[in-house]
Structures are given as C-alpha cells and as structure tokens.
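Across the two complexes that follow, subunit A remains constant while its partner is subunit B and subsequently subunit C.
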Partner chain A sequence: MKKVLTQISIILLVLSISGVQSAEKCSPDFEMSKSSIVNNNQNDSSEKGEVFVFFDQSTTMQGFTIDQPGQENLYVNIVDDIQQIAENIGSDTIYQNFGTEINPMQDRDVAKVKTKKFYECSGSSVACNNQSSTIQEIFKIAEEIPEATHIVITHLSLQDRQLVGNESKQIRGPLTSILKQGKSIGIIGVMNSFNGKIDNIPLRSGEYNEYLDAESRPFYILVIGNQDNINRIKDNIEENHFSSNKENFKYALITSSPILQNLNENKLIDENNMPTKLAREENFNFSYIEDYLPVYKFTGNKQTKMKFKIKNNQIVVPGSTGVSKFSISEKVWTTNKTKCKDIKGWNEANFGPLSEITQNNDELVIDLFTEKPLKKLFRGVRYFYKIDVFADKPGNSSEKEFSEWSVNSSDIDKFTQSNPVSFKTLNLEKFVSILNAVSGDTFKKTLIASFAVNFNLTK
Partner chain B sequence: MKNKILSNLIKFLLIFILCSSTAMAHKSKKHAPGSNFDPVVCIPDEEKNGGQKQKDWIANNVFHTLSKLQEACAIFKIQQLETGLDEATTTIDAITKENDKLTQSLENAALCSDISFNHKSKKGTKLFAKPSSKSNKVANVKSGADLLYVSDSSSQKKWSFVLLKNGKKCNPGYIQKEFISKKNEVIKKAPKEVKADLISITKPNWTKKEKLITVPASGFITIKGFVDTNKIDQIIVNEKERQINNDDTFSFNIRVKDAGTEVRIVGNKKGQTKKTITFLIKVQ
Partner chain C sequence: MNMKHILRSVLLSAIGLALLGWVSFWFTTLNAFGPDGESDLLQWYFNKLVQKEEITSSGMPWEELAVSLYNLLAQMTTALLSTTVVAALLWSIGSHFLNVNAPGKAKFYFIYWIIFTGIFMAIVVGIVFWFTKSAAFNAADYLSDDGVIIISAVSFIYYFLVYYLGILLGTARFARSSILFGNKIPVSELL
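The block that comes next holds the complex of A and B.
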C-alpha cells in the first residue's frame, strides 16, 4: 500500500514540477486574436435543397444551338450536364425560362432547350424585337429563396440601363443580401460556336444594331448558392470539356469573403513558413501556444533573416476576387532575462512598425525587422514579437479574368465594324465589377494568421 | 274704202311678218352647232389683207369702235373660252369621281399610323420586292425613315422584311439589314379597356377573372399588370410593396407550387385601400 502511495506521490510531484515549468514566463500574457471567418464552403443542412434552373430564352441564344463549321459546339452537351448535375445536387429541380419575363417550364420543354425551336419567339414582332434578359429578376428570386441553388444559363449581354440607377439597385440589393447570408455566385464562361444573330447592339445614336457574322461567342452559367454546389458544377464542366485546354473556359467566384481559412485554426503554420536557415539557429524550437499560436523560438543575432511566407492558395478562395490589401498588427514584449526560467515578467515595448508585408502572384511575404533592423535593437535582451496578419480589402482578379471577353457599350460599335469572328459580351466587365463591388461592401477585415518569434538577441 | 282695205292689208302683212319672222330663218349645215348662224371666222392680224387692215384702222381711230373683223375675233375667243370651260368642267367632274373612288378604296385599306415603328433606316436606300437588290424596287427609303421590322428573310439572312412608313400608309418590302437600326424600346401604353379597372392583370390570362389563373407547370412566373395611377399610387403584393412604372405597369415574380399559390394584391391611394384582388394560381 505504501509503495502505491509513494508512486502516486512521485507522479503528483512530477506533475506539479511540470506545472511550475509551464508557469515559467517564457511568453508574455496577451489575449489571443481569433478569426471571424465564416466558412462559405459548407452546406448548412445535410439535406439537399431545391435547385432552380433558368434558361435564357431570348432569340439570340438560338445561335448556340446551330453548329458553325470549324467551331466546337459545347452548348448542347453543357446544358445536358447542367440538367444532370441539377438533378443530382437538388432534392427537387424546377425549370424556368426567362427573357423579358419568367415562365415555368413543363418537363417536355426542358428537353427542347438544346434545340433551335425553343428560342423561337412566338410573340408579336415588336415584342420579339424588344427582348432583354432580366437577370436582376433572378437575383431577386435568389434573395427570396437563399437556401436553394439557382443556375442561370445566359448570353449575359447587358445594356447600360441595366447596370445603372434603379435597375442596378435591383442587382446590388439582392446580391448584398445573398452574400451576407454566406452564399456565393459562381460565373462560368464558355466560349462556344455561334451561328445566329447578335441583337441589341447599342449605337451611339441611341439605336440598336444587329450582327450576323460571329462564329463564336461566350455563354455563361451563373450559379448562386453555396460554394460546394458551385464548385461541383464548375468542376464537372471543367473536367468534362476543358481538361486539356482551358482557353475557352473562364471562372470567377464572388463571395462575401475571398478568404479560404484562418491558418491558426487548422494549425497550418509550421517551420517551413520561415526560411530553413532559421531552423539552424541556436536553440531553435517551434511549438504552438494554446494549440493556436505558432512560436519560433531561437537565439539570434543581427544577421538573422526572418521572412515568413504564406502560399496564396492556402488563404484565398480559388477563382475568387482575391485580396488586394493585407496588413499586419505587431506587438513586442522584452525582458532582460534571456533564459525562460529566469523571467519574472515581460515589458511591452513600442518600437513602431518593425516589419513589412508584400504580396506576389504565389505568396504573401512578411519580411520581419525590415522597418527596424535587428542591429538597431538592444542586444542581450529577449524579445517576444507577435504578428497578426489581416486581409484588408478584396481584389478584382475576377474582373481581369473576364475582361478579355468583354466590350463596353462605348466601344461595341467600333468593335462590330471590325467584323469580328469571335464576338464579345456587352458590359461583362461592368457586371462583374458590380458583383465585386457588392462583395467588397460585405467584406470585413479578416484575421488570416498569427505567429510569434521569441528570440534572444545576442551580441 | 280703198284706203281702209289698204290699211288693213298693211296691218295684216305687218302682223304676218312679225309672227313669221322666226320661220323666216333657214337652217344650214354651215351653221355653228346649236345656232342659226355661220360660225364666226376670226382672221388673225397677220393674215389680213390691206383693205381689211384699213377698215380696222378706220373703225378704231375714226369711230373708236371695233371693226367687224375684230368683233368676229372677239366673239370667236369668247366661244373658244366657253368650249374650254365646258371641257375643264367635264375633266374636273371625272377627276372628282376618280378621287372619290380612290378615297373609298383608301378608307377600306388598313392604316399604318397607329403602329409603333420600332426601327429606322440608317442610310438612304431602296425597298425591294424580294430579298435581292436585283428585284423590283418598291420605294426609296430616306435616311431615318420609320420602319416596322416584321421578320428576317428565311432564305437570305442579310435581308429583313419591313413596312416602310409612307404617311398614313405603309409600303411592304425587303431591305438589307445593314441599313436598319432598332429604335429605343417602345413603351406600350395601357389599352383603354384595361385602364377602366383600378388594377388589371394583363399576363398571364385569367382562367376566371380576378379568381383563378392556371399555369402549365410549377415554378416562378412573372405576373404583369396595369394600375389606374389616378386612383392608385401604391401596389402591395403578398405584403410586399412593388414598383409602379412610369407607364402605369407593374410586375412581380411569384413561385407557383404544385399545390397552387394564393396572391393578394392591394392597391392604395394615399395610404387608403382602394382595391384588393385575391386570386389563386394553380398548376394545370
């Protein structure tokens, strides 16, 4: 019995000693910064939601159904794919056509979408000639039923009047609401063969023209819903039709936040985020505090280089607007005790900005102690330097992605007169920029990573 | 006695002469038509001989009158003018009759003046009977002329069939597409019979007025309507306010479920309800 008690006492003693060790002031007291990222990827419900599919029935869409010699026609196959995916991702799939108005479709009409006949206008010549695609109405519907997935197949040529004033508000308002509810909008663009009439080309005189000589023209699939479903549709189309050549495929994702994740929450920061040389510094150690904050501990000198790098694909949602501005928040504590066991307390120091953050195409780089180099700091002192990395402002990469296929109303007359074989989409860039602007309005400064360096600066 | 007899004889003769004066005049083929005298012959001045000219001079300068030959010419001119007037009157009558006929036929033809012309010509060109510039020319088309686009040619994709506005009438024909441009959107005004109601649904059609609309399938549908903006300034559909457009129209999208959907439209003026329609939309 005594032996057992002795063993328990020894264990308790060991535990109490380790407790004392953990109480060592090897790091200062501070409040851990936490992320507020809402994960847009996950579907809130395990149940499949409804899927609303909207086919643009304006007569100009006819051109996508008629083969053009020498051009690849993917429209028919992609429409087939979308119908199939919609049936798979939804509990119930409801089909509508739209133009100047929206109408429900019977099952037998859904099969006709791939035929020229579906797009023939049965109204009066005046009505048939004044067609427009009321995309804003679909945003309103998506706002009314945010839990559903909405798929729109359209030419997406929008007149100026649809993108300014009241009609623009009819896009911005619902879109803000959709994004705030954690939903996203995927724009998939496919350059396809075209054999028909491109109408409603605005002239400077205020009238409209037609163009008949286009052999290819892009059509678009807009998906409004959760990112899982958007990615599923995008991946399906990309894999089935553009696995080898992505020249005729474009994709952008508009989300309330283009930030994929906080690296601390999933403990994705490791030794490799710092230069390999750092690991060779004296007394180097890498560990997490409270399973959240990674700390690089070492003994350094004025020559020590510290460049903390994060790969863009770890923090930015693929296909999204990206981030145009990052910032850092810095805090420094010092102590004149270089050994942890001797530290009684830390003093918060104010050195002003110490480091610089830059971004290139592949990565985000935090160059530590560039603003105030190590050689200007006191030697023989231990420093605890904590950095929080924030995404400040969303980017506009999706506008750039689609700019190649876009033509403004002020340039379209000249563009048409150049007799283009491949026709561009009217005001596409403006439309994407409106989506991005709304996304920017709903964006909040987001913490993407936190880390600290705890080092003894030698003489 | 003799004197008395002679006197009576003279009286008788005088009475006889006076009474039979008309019978004295004889008819001749030479006479002017409808008269008992020879046609007046007018000798132009340049054809008169010396004696005739001298007579004219004496009559004009000595007696200050017209000579007989001059009188004849004046009468001849009057006769000519009278004849011309008759012919002109006959022609005018004929033209008036023809005009009446044409007016009647025009009244029977459809007028183009009540149509909204949705296109116009970009340049001066021609309207053809067939979609080919080698076919017969129907009319000249001035730059900026109003056109009503009807359809594209089925055989020649660069040609369209249009109606060219020509006053109140229209000339149908083919025009090359490069010469036409579409005008800004035409705003459709509310038909009078629709405006008679405070709130009217114009699309889709009623199955039972203000009670039931049936649609072919479930899903979203656009409902369109008009309001009398003199009497209604606010439209609320299923508790949500909808915009009334400048042309007095309104529209909204509603989801029709398999089991049907009820729609309640309330029309207000200055906050007071003026009309309420509650109806059902059902799937066929």
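The block that comes next holds the complex of A and C.
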C-alpha cells in the first residue's frame, strides 16, 4: 500500500512540474519595436563648452537702448541677463559684434552694448547706410564649432536677397549640419520699446526707406546649441521679465526632432491612457511585457470603447514646431482559445486598418476599432492587437507663433504708410519657415509609443 | 374515442416524419461529430455559408473555427427536428378530438390547421433566428448574409415538408379534409 502511495505521489509531482513548465502563451511572439529618439537635451560631454555671444551692431539697434516714454524698455536688462547666463553656462565666453562683418569684442566694449554709443557707425556714410546683418556668417561659425553655444542678439530684419538663392543656401547648409548634430535653435522674441530709426525698408521701386515713428519693435535672441542651454536662457528671460504677462514674449524651438521622448522607454503609459470604463471590464489587467510593451488585457464585448490618449506635452518638445502628422502601425494576432492556458499558438491576422489617430490641442487620440468596428469581429476569439504610434512630419507652429510680428517685403511699404506705432520684423515668418523646412528635412519618422490590447470578445 | 386509432395516427405520423426526417437526423449526426479534415461539407460551408474574406483575414484556420459552426448547426437541426416531430404528433393526436359530426364539417377545421401550421412555422423561423442572428452562439458571427438566407430558406421549406408529411399521414381519417390536400389520400385499411 505504501509503495502504491509513493508511486502516486511521484506521478503527481512529475505532472505538477510539467504543468508549471508549460508556459502560457498569452501573447504572440513578435519583435518589439524600439525607438530611435536621440536625446537632444543632454550635453554630450560633462564639460561646459564655449559660449559665443554675438551682438548685432547695426545702427538701427540704437533704438532699443533709448527709452521711449510710455513704453517699457527691457533690452538693457535682458542683455545684462544674457551676459550673466552666458558666463554661467560656458567655460569661456567670447563676445563678438556683427553687422556687415563679424569682429571680436574687447571686454571693455561688452559693457557698452547697453548704450547708444556702441551702435554708432564709425565708417563712411555709405557704409553706414543700408547695412544688412551677416547672420549667415554666424550660422557658419555655429556649424564649425557645434559643441559651443551661440547666442545672437539682433533685430532679425532680413532682406529678400538673404532668403533666396546662394545667400539662402548659406543659411540652410550650416543649419542642416547643426540640426543633424542633434543641436537645436531657439528663437526668443521680445517686443520692446524703440526710439530710433528703422532703416533698410525696401520699397517697390527698389529703393530703401526709413521709418522714425515706431515706439516699439521686437528684437530677438537666437540661441544655437543643446536644448538644455536654450531652455535655460529662455526660462531665465521668461521668469525675470514675463512671468505675469507674456504678450510681448514669443518663443520657438527648431530642432531636428520635436519629439520629447518615447513613452515606452520611460514606462509612461498606464491604465489612465485608456478610458476608466475599460478598467471595469471583466478580467481587466494592465501589465508590461518585457518591461517595455504595456498591455491592456480584458474580456470585452462589441460595445467596448477603446480610446488611447497621450498628452501632447508628454511627447512634443515645448515650444518646438510640434508634429503635424502622426501615424500608426497595427498588427493583430488571433486565436480561438479564449483562455491563456489553452493557447498553443497565435495566428497573424490581416484585417487592414482598424483604428484612426487624431490630434487636438491637448492630446493625441487613437480611437481603436473605428475603421473596423468590434461588431464586425468574431466573438469567442481572443485578439492581441499591437499598435506602434509614429510621428511622421514636423509641424509649423513656430511660423504661426511669429507671424503676428512679421511683415513681408511686398507688404512693408503699405505697412509703413499706415504709420504703425509698433513696427514688425521684415521677413521674419520667411526666416522661421526656412528654419522649419530645414528641420523638416532632417526629421526622421520616430516611434513615440507602443501598446497592445489583449482581449477576448464576448456578446 | 378509440385509443387504437390514436396510436395508429401516431405511428403513421412517425412514418410520414421519417420519410424526409432521416435526412435531418443524418445531418445532425454529421455535424455533431465535427469537421472532418478537408471534407466536402467543410468546404461547402466555407464557400456558401460563411464570411470567407473575414475568416481568411482573421488568420485562423477554417477547420478550427468550423468546430463551433458544426456545433451550432447540430443543435439547431436538433431543435428544428424536435419541434417538427412534436408539432406533427400534436396535430395528429389532436385531430382525433375535432368535433366532426356532419359531412363536410372537417373542412371547417382547415382554418384551425392553418393557424396551427402558422404557429409551427413561426417557431421554426424563431429557432433559426435565435441560432443564426442572436448572440446565443459565437459561431453565428461567421455566417454571411447569404448563408443565413440559405439556412433560413432550406429550414423553412424542408421542415415544413417533414411536418406536412407527418400530419398528412397522421391526421385522423375523418378530419383529413381539414388539411391541405388531405382528402386526396386514398382511404384503405392501412391508411
């Protein structure tokens, strides 16, 4: 009797071990899609790089240094702030001025930047008239010294010729190279009091005009470098001068990838990305496969609603061009065994598109099973539906951001004749659109999130 | 009331039912055993009854999915055949209780037969609907619209014929005029 009992126990033990070893196939075998996001936020080296600060020395900049009654003058304070930040973020700060050419500045000249005298033209009257800033030269320097941070303070009025043909190439070429190296360009715009002469206003006749009645006009701080430094400068200016009212402050970030992060790598997807109702479905369970792919498992019915939502601020770099087009890649596997322990294998389905993706101001919404509703799927079948969400095309939100302060060369004559108190920047929108176009060229389709739903469909 | 006549009606009705009803019995048995490899029936179901494209795109082998459809059809034909048998026997037995006390009065009960038959056919339709269109069986999802029409039409015609043969032979001799073409049956010792 004892012998029989021992034999039974051995058999039971063997059976229980084999039962444990036969792993459940609750999900199909597939290759995890991984993201190729380059983190633009991090400095490659732990060392602080050099900081180049370029001051636009064209005579029209004088107007920012002279107070205008009734208007707030932030130029002097902001220039002061920039000098301080530049000293803090860089191991070495190099000051240069630029107009028709770029020249290094002596330390004693740096303090003069806040004064009218700094902008007085010392050349001949011919040279002093019709100046145009050689901003393209600064981009070349930034391309040559990509590890440094480059800060440019300028009125940013660009002539048509600077934005077409060969001169345009001189901007696009270095920009492409800068963005490809993972660097970004921040444009900070400040509407400031202005008391001076705005020259170089192109007329339809081909001649140039000047305007003296402007009481305010924007100036710009371009920052070329890594996003950390750009954000630091932007945050500093914003907090010090525009914490209560941002009406006179604008910001855009041009980057090779406006994507902040891949949500899977940082495990930022949770139950709340789906409607709360889903968590109340029978047998609901949320877990990560291989510490990477979040899976919503449940028993659903043909009325189950699945809307996966991602907040824009989780995926889009703040202030960047944003993303104008998202896409999804879908894969479905099926099995007619509804219990995981019975599943021997999964079959790859070919349903075609099942869901659609839309974006509003706050969030990205993936409406599951809109193209092919659940009521068209078979009951009594377990479905494993994996979705990869991609950013396809960068947006142009920065163009819109600055369009209010921009005037085209074709309209500037008419605009000047309207005697504006607040003057706009010539060709600003075109300049930003060039930056956007370059960033669009360097943009690569990026995986921002992956998730799956594993459900058994009932009545 | 002669019990011998009722039993003879039941027997005759059973014979009438069996004349065509065996096909249903055979079909039910076939379905109850489930799909058999690449049988013609399995292929016919795939070609005629189900949503071919949806099944193909689901990636699941038809043979695996067909198990539940076979089960559905086996249960449905069992329900239909049972209903038919019960209806035919009910009428056959009930016909002996019709008050036919004058010549030609049996024809008066034709309206009864029509109503009874109408109820039977409504039950047939209800059974087919319950199996093919309601959420009772998952396999109903596989059926195409054409498949449902084929199943409905065949069931409607076939089970009516089974029922009709059952009552044609099983109805009491004196009440035969109450059913369609009942008076055409020759009167003999056997019938």
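As a convention for this text, the second predicted complex is superposed on the first by the 437 of 459 C-alpha atoms of A that agree within 3 Å, B and C clash if a C-alpha of one lies under 4 Å from a C-alpha of the other, contacts with A are read in each partner's own complex, and residues count from 1 in each chain.
Rule of thumb we're sticking to: a contact is a pair of C-beta atoms (placed from the backbone, for glycine too) under 8 Å apart; a residue touches a chain by one contact, two chains touch by 3 or more.
Just so you know, these numbers come straight off a predicted model, no measurement behind them.
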Chain touching more of subunit A, residue-wise (subunit B, subunit C): B
Subunit B versus subunit C as contact partner of A:Lys197, first or second or both or neither: first
Subunit B versus subunit C as contact partner of A:Gly380, first or second or both or neither: second
Subunit B versus subunit C as contact partner of A:Tyr208, first or second or both or neither: first
Partner chain(s) touched by A:Gly352 [first = subunit B, second = subunit C, both, neither]: second
Which superposed partner A:Thr335 touches (first subunit B, second subunit C, both, neither): second
Touching residues (chain side subunit A, partner subunit C) in the complex: 332-336, 347-352, 376-381, 459
Contacting residues of subunit C [partner subunit A, same complex]: 54, 57-61, 64-65, 68, 135, 138-139, 141-142
Of all residues in subunit A, those that touch subunit B in their complex: 52, 94-96, 101-107, 109, 125-126, 129-130, 137, 140-141, 144-145, 197, 199-200, 203, 205-210, 212
Subunit A contact footprint on subunit B (complex, rising order): 116, 118-120, 122, 148-152, 157-158, 177, 181-186, 203, 215-222, 224, 251, 253, 255-256
